[in-house]
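You will see two complexes here that share chain A, one where it goes with chain B and one where it goes with chain C.
Moving on to the complex of A and B:
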């Protein structure tokens, strides 16, 4: 049989599948966002009026919800950076066998599923849960701390828990790639551990940091279940709003516009952040080279 | 410095496993209210699971949905990875981005967009819709796993097979595929695990189909009950079993291959 097509052609069916299953739905959001709802006939009609979009920009609720998602995602990313960095750096110091074990230990909670993790934290933080029981046992508090459950605190603790492995993995991989001799050289040349960290390790792990922050930010800001199941009254997210508009309110145009604006804001933030981080890193390298 | 590393990692392990351990403890606690101090040891909550048909049906549904997702995602991942690592591919960057889209777009936004598309063209939500949507979300993971192995393979092996007269299919079947076994089984398990673990996509696309995650979510919106703990522990153990079997399989094949190489030399 003559070789009629090459392996590169395998991309075509996969691309078609992704275009239909992933890009087309997102494109449809754009189309729907310019429709209007005819509530009498209970259908959508093409209007191209931009009505939904003007609602997004003028109604403070939408702006607030999107802002909240961004702040929440960014906060989780910052938290994950500070918690994840020492973990990742510690992992590079382990002997080879333990590195394998540590990565399995790190990844296994990811396999347990969203609902198991959310559920388990509710057991830990509930008014009769572990933390409150321990606090009361030691007499530190008289009655259960209510803010441990159904509060922004809980939401972000669990968002951190859910997304930390992504941050650790990203930093760990980039830290493993550092040539150990660079650190030794810095130490031999008289750099204190802190200097070696700030001037050698940190700049070289910036790409991993950027990837990790991007991932954690996008995942945390786009999460709906964690805030809605653990956040209580503070658990309103643009996602839940979109769900409401789509299902109960039958306002697909507004739901589409909201979903798209969230997507655009998330991407703008994530890309902007990554660019700034990489540029800073590059600028520092140039600055150092200039000093020599 | 090593002491610092051990301390940090110990603390991290505590954070990662605290909720899971607490879940396990309460699943054996005799009292029906989940509170400290613990009141005694019991298997009652596990015994309850035997009679709980709602949970069992949910688990069977989840399991039946996860199988095609794992198989499809592994197969599509293989096709995509073969294309991605092909030397003649000029639009590699664009294709790589396209493969990553399902990972970059928040699952909620993606599933609601998919739900809109399906309602609009008149397709019902249900098991088929769920399988397709979960497969698409799994593709970035399976493709990267398989491509990571593919780029490390020696292309000369396949060239040799072709020079010796093998057809493209034969060289694929006899030379390439055996080397990809491990990656394919890992991709399959990732697909299965992502499907079992999913809640968000199910929320929007399951329709009347009730996977376990949806049943649990609606149960625990109301109250926490110890038999739920027992069930989560069972789900957890089953997931761990899948991971362990894949890992054992991988090691066994690796050992088999090194032994094979040793015999040849």
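Moving on to the complex of A and C:
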């Protein structure tokens, strides 16, 4: 009883922090979304109006932009899974020293700012950039490949590059926790390498996969800078629109409604995605056992 | 008499009263003495320390610079009261009306600014800095033009706004990712007169939208910041763009750069100074001295020499060489006849909706 009281005691500051840092701003956004703007005095009026919400549901641009963010985030998460999984599993087989070196190599790009990475990619992918220069030098193309920069391809390549470390780290940690004797037992019982992977390694790394997918999805879907600076004319994002609405347009109610809609949709997709993964091959049960 | 002390109650009360009075006068005199500095919120390009060195030397007032990230951030900071240390702010001519309507600015007595007499008429008479009753709340002090910047070696003749919509230049063009200017340019191309462009309503906006959707496949990208666009010119991604002058200045010695001023209407930018409505009378006095300095010869000379910008005052124009005049657009004053000042209209949300529809198309 005393222990429980102590635990509850410690939970109070955390709960306060969550309340002030997360719940309160969201509650404010919800309240603002029912306001109207008086452009004569540049103030928000508590009108309890559903005008902003009705715009969100009836204007196809909002639906399109939110849908685009979901597809972009999910696409990046899937790509990161396919690229990151083999890297993470390979890292578990390295000697301890090399594991350290590999993790530093993996994390180094994150120490540079996003803008630096974006401009570095421009140097690599541009019309006069490294890849086009090499292709032209070998005579493989006559003209620079324009789609390498300012296209959805570029956006997703860089979103993948920026977010891959989060996926690899999550899977790697999960894979490191697997009891190697389980894999040996499977092999001893006659499982082929593919069977051992599908029936032992994959289910046991699913929690890491879910965490990685959740993280990459959220980061990619919410990224404004990469699509804006590398997506060319296809770089519109709901975040940029929210920024415009809060800024020059001074339409805080509509911006609040859009921000909340985006948050709800992204959360619904992210949780759905992670739930499906956790249900794969009874991984949830394994995960629960692991937590006990 | 207080127990055990030898001091009467009256003496104690008198002492407290004297102490309080001394404290009050002390704080007043220290408040006066403390005004040895002021904070100027402005753009980093307008507020180099060397621009204000002469003012500091002359008045002994240290000007602390607080650089702005965006005009929206400046407006929000004043509106929410988080900028209480700002003594002088920098609204744009386009956006001053918002600050005035929101009651954020101190009224300005033009009689206290002798150098205002030297301002060019177009700035002296602009109604954009007045409230409905004609009172002054901001004063234009720095201006420039947003031209079309282009690579001379890739264009046979000087481009105009229609060039930015020409199939022939597909893949070489860029527009700014900014609803006001981009829709305004499409309006001009659609034939809307320049004095009506920033008043476009639903029907005209639909025309502009059609043009912008047709333009989209021709563009290499929408540029975000002027550094971004300079980089695009430098790396050969873009040959022609509606721009600020920065890429021209930065690259003219390395590439064959040109700067076109379209006759259909030249987008101007203009920064104003204004004082927050909450400013104390002591700070306001120093503010007026600073305002006069910003319209004076020292500031104009420094900023023309270093920043290639002109002030709204003609005070140094005739002492500049032809080349220097050309660099800051004051060589031919007829240019002022084709000015247009982008102003966020009252239906700006509708403009924004159009712009997002274009970008999402």
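Quick note on the criterion: the second predicted complex is superposed on the first by the 258 of 292 C-alpha atoms of A that agree within 3 Å, B and C clash if a C-alpha of one lies under 4 Å from a C-alpha of the other, contacts with A are read in each partner's own complex, and residues count from 1 in each chain.
As a convention for this text, a contact is a pair of C-beta atoms (placed from the backbone, for glycine too) under 8 Å apart; a residue touches a chain by one contact, two chains touch by 3 or more.
This structure is a prediction, so every number in the text was calculated from the model and none was measured.
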item	value
Which superposed partner A:150 touches (first chain B, second chain C, both, neither)	second
Touching partner for A:45 - first (chain B), second (chain C), both, neither	neither
First, second, both or neither for A:113, with chain B first and chain C second	first
Partner chain in contact with A:218 - chain B first, chain C second, else both or neither	first
Partner chain in contact with A:268 - chain B first, chain C second, else both or neither	neither
Chain B versus chain C, judged by how many residues of chain A each one touches	B
First (chain B), second (chain C), both or neither touched by A:65	second
Chain B versus chain C as contact partner of A:233, first or second or both or neither	second
Partner chain(s) touched by A:254 [first = chain B, second = chain C, both, neither]	second
First (chain B), second (chain C), both or neither touched by A:13	first
Shared chain A surface residues [contacts with chain B and with chain C]	119, 122-123, 126, 128-129, 229, 246
Sites on chain B touched by chain A in the complex	1-2, 4-6, 8-9, 12-13, 15-20, 22-23, 26, 33-37, 76, 79-80, 82-86, 88-91, 95, 98-99, 101-102, 104-110, 112-117, 120, 132-133, 136, 139, 167-168, 193, 196-200, 203-204, 213, 216-217, 220-221, 224, 228-229, 232, 235-236, 239-240, 243, 247
In the complex, chain A residues that touch chain B	1, 3, 6-11, 13-15, 17-19, 21-26, 28-29, 32, 86-87, 89-91, 93-94, 102, 104-106, 108-109, 111-117, 119-124, 126, 128-130, 133-134, 137, 161, 168, 193, 218-219, 221-225, 229, 239, 242-243, 246, 252, 255-256, 259, 262-263, 266-267
Complex contact set, residues of chain C against chain A	70-72, 79, 98, 101-103, 171, 177, 179-180, 216-217, 219-222, 224, 228, 231, 235-237, 344, 346, 348-349, 352-353, 355-357, 359-360
Chain C contact footprint on chain A (complex, rising order)	39-43, 59, 61, 64-65, 68, 119, 122-123, 126-129, 146, 149-150, 228-229, 232-233, 235-236, 240-241, 244-251, 254
